[in-house]
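When the chains are written out, they are named A, B, C, D, E and F in that same order, and each has its own residue count from 1.
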Amino acid sequence: MDSDRFERGQATLSSIHGHIGEGVMRALGDIAPEFARFIIEFPYGDIYARGILSPRERQIATIASLVTLGHSPKELRAHIQGGLNVGCSRQDIIEVIMQMAVYAGFPAAVNALLVAKEVFQEIDATRLPEQESVAPPSRPEA
Amino acid sequence: MDSDRFERGQATLSSIHGHIGEGVMRALGDIAPEFARFIIEFPYGDIYARGILSPRERQIATIASLVTLGHSPKELRAHIQGGLNVGCSRQDIIEVIMQMAVYAGFPAAVNALLVAKEVFQEIDATRLPEQESVAPPSRPEA
Amino acid sequence: MDSDRFERGQATLSSIHGHIGEGVMRALGDIAPEFARFIIEFPYGDIYARGILSPRERQIATIASLVTLGHSPKELRAHIQGGLNVGCSRQDIIEVIMQMAVYAGFPAAVNALLVAKEVFQEIDATRLPEQESVAPPSRPEA
Amino acid sequence: MDSDRFERGQATLSSIHGHIGEGVMRALGDIAPEFARFIIEFPYGDIYARGILSPRERQIATIASLVTLGHSPKELRAHIQGGLNVGCSRQDIIEVIMQMAVYAGFPAAVNALLVAKEVFQEIDATRLPEQESVAPPSRPEA
Amino acid sequence: MDSDRFERGQATLSSIHGHIGEGVMRALGDIAPEFARFIIEFPYGDIYARGILSPRERQIATIASLVTLGHSPKELRAHIQGGLNVGCSRQDIIEVIMQMAVYAGFPAAVNALLVAKEVFQEIDATRLPEQESVAPPSRPEA
Amino acid sequence: MDSDRFERGQATLSSIHGHIGEGVMRALGDIAPEFARFIIEFPYGDIYARGILSPRERQIATIASLVTLGHSPKELRAHIQGGLNVGCSRQDIIEVIMQMAVYAGFPAAVNALLVAKEVFQEIDATRLPEQESVAPPSRPEA
């Protein structure tokens, strides 16, 4: 129906989350297909696609919010990966999380750092050993 | 005692909040002087002074967190002003708040937009009329 | 642009909040006109307009959520009035709030009951004395 | 001691949660038997047993609150099952959760939809195949 | 009906909050008299009256929780006064609030310290000047 | 650099959490070594080391806060163990959690009681059978 928003949303979702975003939409689609569409249209089609802030700045804001909420480690994981995809370094993400200790408390920050650690370890585990040897150290920014 | 952290913290606090930060510290100093010192040393001396993220990016993260918490409009107001001081435009701040509707809900975002509106109106009200006439429009970015 | 959602949203907003909703939209429109439009389109045009649950049930859910959030007394006030507009009795609203003591704690429930008390008193204060005398008692359900 | 409240609470608990409620009470009884009693007496004996709102409306309010809290997926699961037991359709529950995206944010709603999906899948998995064939489709309302 | 719990609750409420608790109960009684009774029976009659922890320790726990919630400054104020009534010093209360910066973030702690400051100032303002002169300094512990 | 705070923090951390605290610091050290240092310096070196409140009272406040947050069961577990280490009985901890039902809601309290149950069961499981037979019953205070 509102095909502009949906297509713009899909493009934005894909630019941030790659193929992983599609999996979440499929999982939701089984139970609430219209909600899956709303997620593509409103957060991704209306909000993230607005420009003004850079994709990197938008992921900084989202990571800050998810650390503060404290109750959504899966979404945090998705946006840590999204942050890396749109130009945040690992250290940028660690810094945002550390800063959240000030506003959301240390437990929220510690939990989020351990989520980030898992994301980074999974990325490192999927790299080929030879790539490793020629690539710069896997966490140069840490 | 740990004069480095304190001095670094005071400089960082002042670069973000100007003289307003001093007022808060005085208000706290009456009841909990050591806590006023901790605020200067830990958030401002240890965290905000780390570099890595830009001051602008750090205010984006803090505003996102305060909108998400929802219970601290005074701190939100201070960091909206702080954001403007370190290079965020009014529209940048509005965008961060709007994005928070996705993560923290619409009421949290609406309340925060009304706080931002107050901050912007106060700034406009303190400008001299003549300045207005030669200055660029007061909200060019809106 | 997406005039269907916007018109449907305005009609739904108006059926719940009457003219009060327009005031909020105007206050937001000064600072974030597109966000005012998003509120009409997404919560009111996409969600509240879906049918399935009755308007009364949707206000019960919203009041429960706002009591649980605890940080948005103005939105709570608007939805208590909205609940009365779509068929909740005063006692229905009091019951929802009381039940929230179980999930969100007693302070959240007490604060919300005092908001409801204010809303009910304001309604009673704007009734003409003569109406009172012919109308059923102002709180028949309490 | 206060046997009225306890018996009324047990009857209400059982009408909402069936035998599952007893399991929770036993798990709590090992560590805090008086708290298990308080749960039966206050939420179920004092609050849910009050009438005024229908059992279905009370589960709508509770599900809204648990989605908003975000930190209690087990209780959410119990009240999704409770909602189905007292007359909510699957689609009713999905609608309440979707509406919570507006107030508690999309991550809270997405997580809750995935909890609901699990509950519905478990119910479907325990149905006999032959029942399926004569019964209406397992999710007619979705 | 359950007069034991009610009487025990009233005695406990009164030992913590003095006459101020009665005012809150009256304000609630206008809109939800049964909820006012529940507050006396459950938190005060069932929980606070259990012994095991000292009244002082229970106020420490409650103040910690209210600072963490962040959305209930009036209840925080009542329990700061309650803490003073059951043997907490002003510095004890300040310490609990300061510690909450670690778990609930600095804004929650700063807001709570400013509530405590107001409570202490009001107490000091109601002391007779002559009392002051013979009494120990009004904030010996700060 | 600030070796006093760090050493004082390590001693305090160790007096509360024993060797378990070191494991958390190592896990964090891989990803954010400076944050591990901040945790030792600020919460443990600056706050917990202040005296004024007893270590037991400080754990009561922390447990109350973590139950209220609801999103950090691992930190809650660590502070339940910490509470036992600094002089809280099992029943003290159960009482603090029960009291939190009043402020943070029943689901938060139920979840926390089940965490406490696990901690107590793990402690009991690591006791030698012979010790059991000569020791007082494993949960004398429950």
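Note that a residue touches a chain if its C-beta (ideal position, glycine included) is under 8 Å from a C-beta of that chain, and two chains touch if they have at least 3 such contacts.
Computed from a predicted structure; not experimentally measured.
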Fitted rotation between chain A and its twin chain D in degrees, CA, nearest 5: 120
Taking mean CA positions as centres, which chain lies farthest from chain B? D
So which one's got more C-beta contacts, A-C or D-F? D-F
Cα centre of chain E to Cα centre of chain F, whole Å, reads 25
Rounded to the nearest whole Å, what is the centre-to-centre distance of chain B and chain E, using the mean of the C-alpha atoms as each centre? 32
With centres defined as the mean C-alpha position, give me the chain D-chain E separation in Å. 34
Chain D residues counted as touching two or more neighbouring chains: 38, 42-43, 66, 69-71, 98, 101-107
In the complex of these two chains, what residues of chain A are touching chain B? 42-43, 47-48, 50, 52-53, 57-58, 60-69, 91-92, 95-96, 98-104
Sort out for me which residues of chain B touch chain C in the complex. 69-71, 94, 97-98, 101, 105-111, 113-114, 116-117, 120, 142
Chain C contact footprint on chain F (complex, rising order): 101-107
Complex contact set, residues of chain B against chain F: 1-2, 4-5, 38, 42, 46, 50
Chain F partner, complex, touching residues on chain D are 24, 27-28, 30-32, 34-35, 38-39, 43, 66, 69-72, 74-75
